[in-house]
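I have a structure I would like to understand better, so I am pasting it below and will then ask my questions one at a time.
Order of writing sets the labels: A, B, C and D. Residues in every chain begin at 1.
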Amino acid sequence: EKNFFLLAGPCAIEGEAMAMQIAETVTGIADRLKIPYIFKGSFKKANRSRVDSFTGIGDEKALRILKKVSEHFGVPTVTDIHEIDDAAMAAEYVDVLQIPAFLVRQTDLVVAAANTGKVVNLKKGQFMSPESMKHAVAKVTDSGNSQVLITDRGTMFGYQDLIVDFRGVPVMKQFAPVVLDVTHSLQQPNQASGVTGGRPELIETIARAGIATGVDGIFIETHFDPASAKSDGANMLPLDQLERLLTRLTALRQTVNDF
Amino acid sequence: EKNFFLLAGPCAIEGEAMAMQIAETVTGIADRLKIPYIFKGSFKKANRSRVDSFTGIGDEKALRILKKVSEHFGVPTVTDIHEIDDAAMAAEYVDVLQIPAFLVRQTDLVVAAANTGKVVNLKKGQFMSPESMKHAVAKVTDSGNSQVLITDRGTMFGYQDLIVDFRGVPVMKQFAPVVLDVTHSLQQPNQASGVTGGRPELIETIARAGIATGVDGIFIETHFDPASAKSDGANMLPLDQLERLLTRLTALRQTVNDF
Amino acid sequence: EKNFFLLAGPCAIEGEAMAMQIAETVTGIADRLKIPYIFKGSFKKANRSRVDSFTGIGDEKALRILKKVSEHFGVPTVTDIHEIDDAAMAAEYVDVLQIPAFLVRQTDLVVAAANTGKVVNLKKGQFMSPESMKHAVAKVTDSGNSQVLITDRGTMFGYQDLIVDFRGVPVMKQFAPVVLDVTHSLQQPNQASGVTGGRPELIETIARAGIATGVDGIFIETHFDPASAKSDGANMLPLDQLERLLTRLTALRQTVNDF
Amino acid sequence: EKNFFLLAGPCAIEGEAMAMQIAETVTGIADRLKIPYIFKGSFKKANRSRVDSFTGIGDEKALRILKKVSEHFGVPTVTDIHEIDDAAMAAEYVDVLQIPAFLVRQTDLVVAAANTGKVVNLKKGQFMSPESMKHAVAKVTDSGNSQVLITDRGTMFGYQDLIVDFRGVPVMKQFAPVVLDVTHSLQQPNQASGVTGGRPELIETIARAGIATGVDGIFIETHFDPASAKSDGANMLPLDQLERLLTRLTALRQTVNDF
């Protein structure tokens, strides 16, 4: 029976060399484990805590790198969009358009993404219930696009913490395939420093719970050296830990497939 | 000593007649109570729960009505923007550009608003701590615009409820003048119906606590007949209850002014 | 018109001298401001975070001090109970029996307190809604005792924070007179150290909001030197700040009384 | 490698026949699946929402039934205690003394349980962080009793909901073996009716996530006919669904054992 699928890559496209290296490594692992793989990279970081945070290397430049990854490794790609005009632009380069969690209530943006005909990946707002994602999905399908995913990246718990509510997995699977974003789910937002913290040592714990509860896909931000990454360094998985993690998740998935 | 200021008006500009009527009524009350008044109205509703929710009567048409209100009654106006391009457009018609709570982390939008030179009213995200608004304010001031307000509209508490954390008032006053949005703070989001609920019977309770804790301004959505309004009907204050509320808040403010 | 009432005193009865000194100071202030006053002191601290925390000077010894305070200054007294057997014992010495927040769902304890015929002060559990306090109050009144108070001491918000939900004030006033515990409401529980933290600089903010929203009473733990207190030092109000606070609250109350 | 252990039985001991029937059924399943089994039943329900809720059939009567179950089926038993005096009494009949979640901060009660020499099962308070359970465990071990378990039964999320935070599993395993209470974790407290609700259709979801994240034990309340049970009917698992659930959890556990 079939394995879960994987959205993985660096938080932001920092340059061509790093994108190609990460894609090569992850493609190799995914091939060995028979995991359908979608390369992930942001062409722009638009919602940083502070104005002096890194926001990208240039939109078109980053998008062209995504296209090159796709062609070179034969994998689909996903990127996130923040403005209505981004939808048509990004759709020329990638296969999946992702709506960030903070923006999933912006009807015009969701509809613009839907209208490209690309797959739309809706991040569940940290302030939304699993049940309420039904309405977000309907904005895509009512636009005539039936290709939609929901990605859970945790729910606000107090000011500086997020919890994944696994009760939401079967609830949201009624609306669309469900992906668990295991790296952002472990963020610790609203830190006094203005830099989001994280608990990456718990990635495997959260990912295992996701597979056990039946998620269809796993989303992981990964980097050769998270500490040197230009964004989200606190949460990414070191790339050399990825194969062990995916091997275990594949084993769990096979067990669940037999239920 | 000086009174609090007031941002008030309908949720959405539904037409010229209703805007002028509401403005006339509120202007009269504000004059009697010596409350500096800013007329509020959305020219577009972009973040509805469902795709079939009312979104507006046309952007320019609504903005022209805001301009007319301003000229006719001699009051400044405020409206909310959702896309970068909205900033320059709306700035031609209104005095205060408001960043919606869900969008307050979108750097490009905040900077675009700041660059118009207009006053920027930052709604505190329902997912943000009072302390973290320091960074949002800095995005405006670092852009060379020192005219910024923070408006609290409650903080997520579970999936279907919001609480106002009044500890945040003195914290956020360190960054900018603080406004309490007493109608949205009483919303009940993520309802199964896809329509946000509310507890408008608690408007006075929340508003009193705001004045007592030292907020600089009060934000109220009001309508002649909330039940017939095209958006946020569950939360708006019936216009005929406004004067009694503002009279009480003015009395409380005078007491606090003496401290 | 009448002022709010006050429950105040040290967290724990550490000895006779400190109890008498605090009672004398607070009695003087309360007389000047015409605030009905109930002296508060715990005879035992039973729910400490750690086994090595201070738990008291001996039950009967502490209760006798409460009795002496009552007789000497002509004020009623309140203490908290933790076991069924405490109810009858404490009732011989004090006027108000308080049920701690963690214990307010313990039916037998609440009924034992009710059966003494003393006033019962029910702390709202940090895990309870204002509406659910209706059932706690009913446990007292169904036992034939109509003298019951509800005291709010904040509601859990994430693991390490509490928020006061002022919407609960009018809700709970339907069931019984409502007191706001301004010192415990500012606790920061579950700290890594095992010692509860606090934000005592916000006591006035929270207390003002309470009076403005119509609470009937204020609960304050106070000490000559909170830093040297044997429990809850992080949250108590320094006694020399009490009069200024109560003077302001009295002014606010007079304003609200005129509504 | 070894399987998880199971604490299971009815919420309350309603009578001998039902206890023996449930014990027989569960013992049979546990034997087939090689699951170490501890029979669970409350001899008293002390923390009901309302005074008219069912509280038990008589303490000693219920405890004698627990003893009979233990002797007849050769299984250890667990029951929860609410007052200090309960500890020694219950210790004469059962093998594991459980401290309810609301009471886990009551030092005297925890120490009384520890002093019996029995295994102490500490429920994590719905208001406590996983990290803070370190101090609760220390109250047992500092009393000279090293036999202690931690059981997670969810964490308050808003007023009427609980979420299980699976990040807590590896955290709490540093302190003691960790059990997941899959039925109480799905409660919906503080309902307007005064009767706690639940989402029993999610029991398998939550239980799978627990095994996948490495819990040592599973706690399940089960009943032949939950709808007719005298307490917690909204949450118990129908007994005829137990074997399928435990079979799946055993398969997941075997997968995890290989990691």
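Here is the rule we go by: a contact is a pair of C-beta atoms (placed from the backbone, for glycine too) under 8 Å apart; a residue touches a chain by one contact, two chains touch by 3 or more.
Quick caveat: nothing in here was measured; it's all calculated off a predicted structure.
Looking at the partners of chain B and chain C together, the chains they share are A, D. More C-beta pairs in contact connect the chains of A-D than those of the other pair, out of A-D and A-C. In this assembly, the C-alpha centroid of chain A lies 48 Å from the C-alpha centroid of chain C. Chain geometry summary: the mean Cα position of chain C and that of chain D are 33 Å apart.
Centre-to-centre separation between chain A and chain D, using Cα means, comes to 37 Å. Of all residues in chain C, those touching 2 or more other chains are 155, 157, 159-160, listed in ascending order. Chain contacts in this assembly form a complete graph, since each chain touches every other chain. Interface residues of chain D facing chain C in the complex, by the touch rule stated above, are 46-53, 55, 82-84, 102-103, 105-108, 111, 125-129, 131-132, 134-135, 138-139, 142-143, 155-156, 159-160, 189-190, 192, 194. For chain A in complex with chain C, the residues that touch the partner chain are 157-161.
Remark: chain D residues 155, 157, 163-167, 169-170, 186, 199, 202, 205-206, 208-209, 211-214, 248, 251-252, 254-256, 258-259 touch chain A in the complex.
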